[in-house]
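Read through the structures below before going on.
Next come two complexes built around chain A: one with chain B, the other with chain C.
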Partner chain A sequence: MKHSIFLAIGIAITIAFYALSYSTGANVFEMLYFNQGFNDQLFNLQMYPVMAAIIALMAWGGAAVYYYVINSVKFDRWYHWASVLAVCTLLAPIACYAYIDNKFAHAGLLYIDESIHFVTQILFIEALLFIVASFSIRWWSSNCRHTPFPQ
Partner chain B sequence: MRLFVFAIGGTGSRVLKSLVMLSAAGVRPVDENGHPVKDLEIVPVIIDPHKSNEDLKRTEQLLTNYRLIRSKLYGNRTEADGFFANRIVTLHEIMNDSAVQLNDTFVFNLSAVEHNKFREFIGYDTMNEANQALTSLLFNDDQLENKMNIGFVGSPNIGSVALNEIKDSPEFRAFANVFNAGDRIFFISSIFGGTGAAGFPIMVKNIRQAANLDINNRDVLRRAPIGALTVLPYFNLELGEDHRIDKSDFIVKTQSALYYYKETLTGANDSNVNALYYLGDQQMSVPYVYDPGEHGQRNKAHMIELIGAMAPLNFAGLPTSRLCDDSGYPQQAQAFEYALDKDVPGVDFKALGIDTRHFIYDKMVKLHLLFIYLNTGFKTMIGQGYTNDKPEIRTDFLNSQFYRTLSVDFMNAYKEWLGEMYHNTRRVELFNIGEWDMGKAIHDVMTAKSIFGRKSVDNDVFKSEMNNLSRKSASNDNQVEFKFLDLFNRAASKIVAERFENIN
Partner chain C sequence: MKKTFLLFAVVVLAVAGAMTSCSGSSALEDAVRSALVQKDTTQARFDSICSIIKGNPREYSAYMTQDGEINIDELGKLIESIGNGLRPPMHWNIAAYGLNNMSLTIYFERSGSMVPYDAPSGRGQLKKAVNDLINYFPYRDNVKINIVNDGIYPYSGTIDSFLQDRNIYASTRGVGNASFTDFGKIFGDVLQANNSRNISVIITDMIYSPADTRDVSADKIFNEENSLATNTFKRNNGKSMAIYQLTGDYNGQYYPYNNQPFQYNGTRPFYIVIVADSKVMDAIATNKDFAQFFNIKDALNSYRFNQGGSEVEWNVLPDWKDNAGRFRIDHGNTAQLNNVEGDRATGTLCFTVAANLDGLGKTDEVLCNPGSYSVTSMSQFAIKVTRITPDMINGNNKAYLEGKTHLITITGDFKGSRDEVKIMLRNDFPQWIAQSTCTDDTSPSLPGFGTTTFGLQHFLRGIYDAFNTGGANYFTIDLTLNR
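What follows is the complex of A and B.
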């Protein structure tokens, strides 16, 4: 029961994050980084929801891979989990940057500096969501449920 | 059901040691339908006046350790499955008569016997001349001067006199008091020595003639199903000129005793002993050091003792209809023998034969894997995986009495026992001694084939399996001790079945 509550909370946080990426008033991305022209373009080209999906999928996907695919006694220490966290935290901004760059290129826009600053913030969001995802789903892992620290 | 096991003499102690090892592995007696005998309590009673006998001391210590470990695992429950399943108790633990004062020990107190020379015990000096002359015909000078605290030194004629005192002892009364209908009695003794050869028939006589004794439950005792393991010569002693125990006498003594048993215990019309297990080996052991004195015999463990330890378990599983008639009186004696599947100098599981393998293989393998795990992996597991599930196994567990008794005292004795059997003749090589690789630990049994060679069996495999089982069964209701051994037992069952070649 306790574990199901953790899962529900994790899902709720993720949905809230996704919902806030649509928002105009309290957009989660704009709260972390705002540059008038750049963010207007992100919003107008509807890139926020896609990036939110990329971040959420990588966080939950990465956590799922660690807890249910890797799921090995050889990789059940906190630093193994931290390694996966690091990989996801690095891949998510790269994926988002690639996506933004591609969209802007099609639109004939160029925001290299702003894009780099923007995706740097995604590092923190991804790390946070990975932790949320980990604490939502780790309970049912046979070998890694006590990683990064015991239940 | 209680099974009272009287282990008489040095061989009795050594067979009992093997019985403890089998019990630690979880070998339980099974009935004719293959189900474990319910509510079994084994009550070992060691009868040996030679208390400094090393074999006795080692067995007593082992029993004490077993008892401690089991009580931590299962408390007073008789029903258990897994390691240390058989409940082993002292007479003191089960006695309900506070009028009888007993030490809480597995060793029968023979203080009336052990402090005397034999001549003092029989009052030789107070006999008249004619009786002294008759006594001198029956007992030589060495025997008359024999200090009985070193046993009867291969002289059953002394033992048969001295051990007759047992019937008047508090231990015998306590035994009679707690013996109930449905309980059984089993004797373990050698036939070629002094204490065992003499003690077994005397004890049977006293039980069957209980009507003449001033004790409780006389009728129940008189009808009690009695089994016995009679061990024929199987070990060798170093040669020496002044040895009072000489291996050349073994066969003669055996023949004499067998004739005596036939006349008094196991004859065609006798029902004194209902099941008699004969066991011996023509291939004698390596010569043991002759030391009947202060230190006593410290014989290497032997295959015969391991096989012999299965006899009381077999006896406990025999249906009552094979032991008693419809009126509840004992049936005529039936004899059991044992043969190896292969007459080889090195006995492994495959040489034991299929029935024995079914009986002990899985369980012995699991105990051996536990031995390896405790020595190579467990300490490093603390704080990881299943150890973090409720109830948590923390580092202080490593300092607990339970863990130290199990991993140090008991497992050292196990290692010693295995090593002694391995270095004896016949060589018992159930496991590869000194091999810490679990996958290579069982002699002549490999791990099962997989797509990429052979399956591995190591601490990580155990950790993974125990993690998985623990996730499904984590509970605050269990004790840490039970959690650990229960998880290991269940994991080992699966691993042995799935990852080793099937030799059953």
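What follows is the complex of A and C.
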């Protein structure tokens, strides 16, 4: 029951994060980095929800891969988990940057510096969401449920 | 293991389902948003949006009328709501697209003083101007021509025969009584006949010549026409009227107010008057299909009556080369700037507003003249207005500049913690009308005979007063600045 509550909280946090990526007044992405012209374009081209989906899927997908695919006693140390976290944390900003670059190129926009600044914040969001996902689903892993912190 | 996968699948489905429910926009909404973001507000784009609606009439029944046509009002509301959610808020006036197959009625004045404008020896500027109006009207099959003087008479020929006619006054000889022009009847009838699907155009010398003015003082005639104009137009407040002054060769008899005609060979002003519903006028003023029709070539001056309610699309530019100091545009209210601070070194605050002023039908002489505006603010801000040129637009500022025509740069020392800036383009009675008016036309040797019109100001002032119900501004930009 306690574990299900963790799962429910994790899902709620992820949905809240996604919903906040839609918001115009209190947008989760704009709380950490804001440049009016650049962010207005991200908003108008509806890129926030897509990036939120990329971040959420990578976090939950990465955690799922670790706990249910890797799921081995050979990889149940905290640094194995941290390695997967690091990979996801690096891949998410790269994927978002590629997405921004592609969308902006089609729209004839050029915001290189702003894009780099913007995606660095995604590092933190991704890491945070990976931890949330890990604590949501690790309980049912047969071999890694004690990683990164023993129960 | 099976149980674990089941659990994971449920989690993924729950998250994905919740996310999808957040983003449930329809194909129509996506198409509208895309058009607005790309600033592609063309007829072709509008047609493609209409085809989405017509392709799925059940889903989009709210945007269709009972007879299967597009409900322009409802679609306009959808566009407005999506546009208002963008940054900066974007607008698309689709009213003109609902005016497909608009009709045009030309009222061609055939008074004695009009005939010499189309004399065979002249360059025929008047006829050319009328021909251009017909040719540039997007729905040429819906053009009707009337001859007017003491009354309104349908032109007996075809549009093609009118266009090709080298001496239109000769071929319409005998139509009506050319010895006087009854403005009361003409404007009254035109305003009555004009409906939301019709544009009326009067080609006239704007000389009020009622029957039997012998021994009547000029002032009496002026007062009479002024009252007549006010009375006629006051009863038609939903209409708008645009007047264009042109000049043409004139060779023939001129009939002054004292009824003692004389021969005149030179140039004389004539006028094209467009009458339509205010909403129709707003729509055609901004519609590219009507651009050549509405922006009359060779017009020396123009003025649009009853334009007070015009909505001007504008937004503050977040990044601009002239900007000095700092500010942040409020997302909920783009007319509000927060965290406003002057430049650290100079203390000066400078920011720029991009606006679409073309729909107002004013020349740059008026629009770019700060004297045409009233600016009120506690900080005594000053403005500078310049036209946007294509080289100013790049990919990054496209969303803010495209579709806009002028930059209004606001500069001053921001004082206090809050200020309200109000920028108004005043709708003054135009000076050119007074300058184009004469009070005596009894001799061609009188100064300004070739450039002025007898009693013009009095008639037009009557119309101006009829429409002017206070707050005589073309538009107002209200900005709130918070430190």
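Rule of thumb we're sticking to: the second predicted complex is superposed on the first by the 151 of 151 C-alpha atoms of A that agree within 3 Å, B and C clash if a C-alpha of one lies under 4 Å from a C-alpha of the other, contacts with A are read in each partner's own complex, and residues count from 1 in each chain.
Going forward, a contact is a pair of C-beta atoms (placed from the backbone, for glycine too) under 8 Å apart; a residue touches a chain by one contact, two chains touch by 3 or more.
Here the structure is a predicted model, which is why all the values come from computation and not from measurement.
J.: After the match on chain A, would you call chain B and chain C a fit or a clash?
T.: Taken together on chain A, chain C would fit alongside chain B, as the superposition shows.
J.: Give one of first, second, both or neither to describe whether A:A86 is in contact with chain B, with chain C, with both, or with none.
T.: A:A86 contacts neither chain B nor chain C.
J.: In the overlaid three-chain picture, which partner chain does A:G108 touch, first (chain B) or second (chain C), both, or neither?
T.: In the superposed model, A:G108 contacts chain C only, not chain B.
J.: Just to be sure I read the superposition right, which of the two partners does A:I116 touch: chain B = first, chain C = second, or both, or neither?
T.: Touch status of A:I116: no partner.
J.: When the two structures are overlaid on chain A, which partner does A:A53 contact: first (chain B), second (chain C), both, or neither?
T.: second
J.: Let me test your reading of the model: by the given contact rule, A:I94 touches which partner, first (chain B), second (chain C), both or neither?
T.: neither
J.: Once the structures are superposed on A, label A:K74 by its partner contacts, choosing first (chain B), second (chain C), both or neither.
T.: first
J.: Put down the vertex angle at chain A formed with chain B and chain C, C-alpha centres only, nearest 10°.
T.: Value: 160 degrees, nearest 10.
J.: Looking at chain A, does chain B or chain C touch a larger number of its residues?
T.: It is C that touches the greater number of chain A residues.
J.: I'd like to know which partner A:R145 touches here: chain B for first, chain C for second, both or neither.
T.: first
J.: Upon superposition of the two complexes, what minimum C-alpha distance (Å) separates chain B from chain C?
T.: In this superposition, no C-alpha atom of chain B lies closer than 10 Å to one of chain C.
J.: Following superposition on chain A, which residues of chain A contact chain B and also contact chain C?
T.: 140, 142
J.: In the complex, go through chain B and note every residue touching chain A.
T.: The contact residues of chain B facing chain A are 383-385, 388-389, 392, 460, 463-464, 467-468, 471.
J.: Name, in rising order, each residue of chain C that touches chain A in their complex.
T.: So the residues of chain C touching chain A come out as 1, 3-5, 7-8, 11-12, 14-15, 18-19, 22-23, 33, 37-38, 85-88, 318-319, 328-329, 331-332, 394-400.
J.: If we count contacts the way the header does, which residues on chain A are in touch with chain B in the complex?
T.: 72-74, 76-77, 140, 142-143, 145-146, 150-151
J.: Please output the residues of chain A touching chain C within their complex, sorted ascending.
T.: It comes out as residues 7, 11, 14-15, 18-19, 22, 24-25, 34, 36-37, 40-41, 43-46, 49, 52-53, 56, 60, 64, 68, 104, 107-111, 136-137, 140-142.
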